[in-house]
Amino acid sequence: MTCKTNEHLEELIASVRHYTQFGKVADYIPALGKVNGQDLSIAIYDVNSGCLYAGDYRKKFTLQSVSKVLSLALVLMDRGKDYVFERVGMEPTGDPFNSISKLESSIPSKPLNPMINAGALAVTDMIIGGSLEERWKRLLTFIKELGNDIEIECNMEVAQSEFETAYLNRALCFFMKQHGIIQGDIEELMDLYTRQCAIEMDCFDLARIGAVFALNGNDPESGKQLIPKEIARICKTFMVTCGMYDASGEFAMKVGIPAKSGVSGGILGVVPGKLGIGIFGPSLDERGNSVAGLKLLEKLANEYDFSIF
Amino acid sequence: MTCKTNEHLEELIASVRHYTQFGKVADYIPALGKVNGQDLSIAIYDVNSGCLYAGDYRKKFTLQSVSKVLSLALVLMDRGKDYVFERVGMEPTGDPFNSISKLESSIPSKPLNPMINAGALAVTDMIIGGSLEERWKRLLTFIKELGNDIEIECNMEVAQSEFETAYLNRALCFFMKQHGIIQGDIEELMDLYTRQCAIEMDCFDLARIGAVFALNGNDPESGKQLIPKEIARICKTFMVTCGMYDASGEFAMKVGIPAKSGVSGGILGVVPGKLGIGIFGPSLDERGNSVAGLKLLEKLANEYDFSIF
Amino acid sequence: MTCKTNEHLEELIASVRHYTQFGKVADYIPALGKVNGQDLSIAIYDVNSGCLYAGDYRKKFTLQSVSKVLSLALVLMDRGKDYVFERVGMEPTGDPFNSISKLESSIPSKPLNPMINAGALAVTDMIIGGSLEERWKRLLTFIKELGNDIEIECNMEVAQSEFETAYLNRALCFFMKQHGIIQGDIEELMDLYTRQCAIEMDCFDLARIGAVFALNGNDPESGKQLIPKEIARICKTFMVTCGMYDASGEFAMKVGIPAKSGVSGGILGVVPGKLGIGIFGPSLDERGNSVAGLKLLEKLANEYDFSIF
Amino acid sequence: MTCKTNEHLEELIASVRHYTQFGKVADYIPALGKVNGQDLSIAIYDVNSGCLYAGDYRKKFTLQSVSKVLSLALVLMDRGKDYVFERVGMEPTGDPFNSISKLESSIPSKPLNPMINAGALAVTDMIIGGSLEERWKRLLTFIKELGNDIEIECNMEVAQSEFETAYLNRALCFFMKQHGIIQGDIEELMDLYTRQCAIEMDCFDLARIGAVFALNGNDPESGKQLIPKEIARICKTFMVTCGMYDASGEFAMKVGIPAKSGVSGGILGVVPGKLGIGIFGPSLDERGNSVAGLKLLEKLANEYDFSIF
């Protein structure tokens, strides 16, 4: 990476910001729709040379689907690979992230991977703890540690709003409960899951979390192993094969780095061994990815040859 | 119909009872599994010449899916055809009765017909009333009137047991709630629906209800129009095109009368203008129909030329 | 039936002809698109009181899917029920008439019924004969006999045009050949099938064929048993459960008689014991049924209480 | 890579050869079934330090699905990305490699990616040339150049046998022809495609082809750019997201290198910047991948840290 200045990053942002007009802010819940569609910000955490920023990189946003990678890492650490992959598959899917049909046609009836809603719900169901609050604290503590930011919290307005309207996710949960994939109480799971999706941070936090993955699970500052290397690698693999909704394949070709997006407009990017990237651009394309964020990553990847392929 | 004697009916039963060994009693809830698999009984309500019985025709059983026809009749009367068929389709389906995939692939996302679980749940959701108890009373009163038996009640043990384990039906409900097909509270709906399925009666009651349909909705005794003719006809049509689960087409060919079966082993049969039939035979084939009950109806239909085709 | 005069039939036609404007003539092959969308004609063959006509009832049209019922009758006669239903199912389907997905998801991989394209192709494959010409002659002779009209022939322009463009039907055939449902050469089958669909007749011929079914397989003039009673009944059952494409259920409710439609705009109708009906109205609704033809049947059915339910 | 000796490779092979007993040789055509299920061989082409071999690495086998990557590279070079990806998608699929359902449910009806049969057939259809022989020669010449082996040829017995029985692939082709994805004559396409799958080479040839991809398209000996860098990268991306049938995700996690397998038991592996790998082990697991070949790659990857993640 020779992107040495914030100024250059600002130029890059300026050159792609107009793409925001081709997208749309998610508004299936009112709380999400309040943001400014023209926002675009980025933080890059270079594990060798420090950080770069551009845009309003301290603006907070909720993780939404980005959180799926983090809960997966936690659950793999707590439960072990065998336990987790008995309940959730490892394969990409050509179906939409919220689809239920494959659960019905697959034998056994388990979600294809942890990046689609069904799989992520099954993963969150596996978070250990004697109560909702204990499980929630366990997850939040882990994410605060990854981001090295004790101020990371849940946006309860967003969580509450999603909790009240998440009928489709409840359908997925009950279907999986019928088939023994999900064990716990569904309303408790929905509460935990909607909080998880509503965890709020800024680009800088996200970039730092990316740096942890870039360093195979090591804290970029303390050097502490926050996530075992194998689990970090598993997470990065899922980010490549199914991190960007129905555009994962296209993204792998055009950009070629592990990344996970959310409908809030956040993107977590990882350049193995080198960088963590956090992006916030709430204007989404029709697949649910930040439209300008994608362009920004594509430009960066081409300029600095980020692709792992 | 020249089946003039109970003795002849008893002979018919004796000749098919051994088929019960080729089936299995439903045991997905313990309360259902308590019955004797070799049971087989029948009542025939001839609108001209009175009633015939064979077997232990006063033994009670729960309606299960047989109830789908009755709630449909009630809701069509209360809401009108247009309202109902905006939310539930009129077409048979090649998918299993509890399938969710077609809800996802259909646009708009409405159940194909009221005889599959999704459709029946949507119908029950339309039962009018200010509270669960009011709606339940409305349905039960209607069914007591059809059966002319004030002792018809719900088997609360069965209802409770189904309520607690009906994860798949909850999945269907939440999916439909997401798509605006179902309006009400899901837990209240599940309570009402599991009570509806657990309504308990005997073959005689069922035969009398069949007679009402045979007479285009008229009470065979009082002559009162309990169901408008057009609605009775709609119900009979659904019984022919999708009354016998995945064997509806085969049944139409071999027997050729409107009929609806349930996993308790009950079958409601209608010979238009002539007879109502109630059968109880809890040993089920792999599609969920009473294995000996089907044989009994096939023999009767061939002997007395019941087919409407 | 008290529709005693051609004049009354003409009035009925006049009252529904404007519905033709809400439909569209099939034009996926040029030869089909040549007709006049405002055409509407009907012939009724009353087995007791002779025939009635209205519109240009001697205008010829190709049978298209109407032919599926006739080839089924022939093959059931030649091969027997067991042979046929080992290869084609008896159940209605909620999928489109030309769908391939259910062939893939069903185990064993056989078409759900003989009224969808896959099933009809499998049926035509079973027509007996040592060569294409022998098989074709066998089918055509049978249909001439049903219609009592030696002038019934194939419209070779339509047949040729369909033969050249029937890629989807070839896909269905090869899929079924892979699974052992279809035995013969696919190109020969396509030739035979496209000729079958292109058999040309007029409303009067079609009404007479309907009369044969109305009389349980007996020739209305000679009394000869052209089709065994059981097979005639099987055909009528399929007409009710899946004769009108994706509107079969709705048609059964609104009209309630065995009927089979084709994309040429033809409809074969049967009022058991009473009438055969032939209709031609090439303007189609979005499901592929004659838009004015449906209205005409609905009016007739209501006026004369045709419904079998 | 410090795997410096053939002896060490032989030891690795010896340590995993017993896995062959847990698999089965493909025998859907007799010509494929003739091989010895216990065979296992490997060649590694290190772009810095020369080649290593173990097992009977000069034994020939047909490419089968491995060829899908090579025809894709050729067609991307000849037609350009835009042309190709208008007709074939870029996304992984959770469906089996030979599935047809997604073609029906997707709008537009294009194959999800070039590694499933439908996509590979569409790709082969795009090979340029005025005749079958011209197109075939174009493909074969390209592959000879990649392998730097003019003796690479088609096994005509295998090709012929697949040609005669490839009903399912014909079904896929006709379905795509119906939807305009495939333009050319289907029988010519089948001829070309079955030849492509029957191209025969040994592990050494395959390892050398892998080295070309490892070097971003450059010939490891002459340095000539045989495939443009961007196209080589696209191919490697598809190998990661969908190269190992329904086990692509699991393989990416456990091994983490671009690879493509075929039902002959061949595997093409690429360690970017470093190695090409050719493996032959015809005993297959239930997903169609070489059972001992997978274990061998897993051991190598762990020992030498091959994973790109």
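Letters A, B, C and D mark the chains as written, and numbering starts fresh at 1 in each.
Here is the rule we go by: contacts are C-beta pairs under 8 Å (C-beta built on N, C-alpha and C of every residue); 3 or more make two chains touch, one makes a residue touch a chain.
Which protein is which chain? UniProt says A, B, C, D = Glutaminase.
Keep in mind the model is a prediction, meaning the values are calculated, not measured.
Touching chain C (Glutaminase) and chain D (Glutaminase) at once is no chain at all. Seen from the Cα centre of chain B (Glutaminase), the chain whose own Cα centre is farthest off is D.
Here the CA centre of chain A (Glutaminase) is 32 Å from the CA centre of chain D (Glutaminase). Averaged Cα coordinates give chain A (Glutaminase) a centre that lies 55 Å from the centre of chain C (Glutaminase).
The centroid of the Cα atoms in chain A (Glutaminase) and the matching centroid in chain B (Glutaminase) are 48 Å apart. Chain contacts: chain B (Glutaminase) has residues 105 touching two or more partner chains. Contact residues on chain D (Glutaminase) toward chain C (Glutaminase) in their complex (touch as defined above): 99-101, 104-105, 167-168, 170-175, 177-178.
Per the touch definition, chain D (Glutaminase) reaches chain A (Glutaminase) in the complex via residues 89-95, 102, 112-113, 233-234, 236-238, 240-242, 246-250, 252-253, 256, 258, 272, 307-309.
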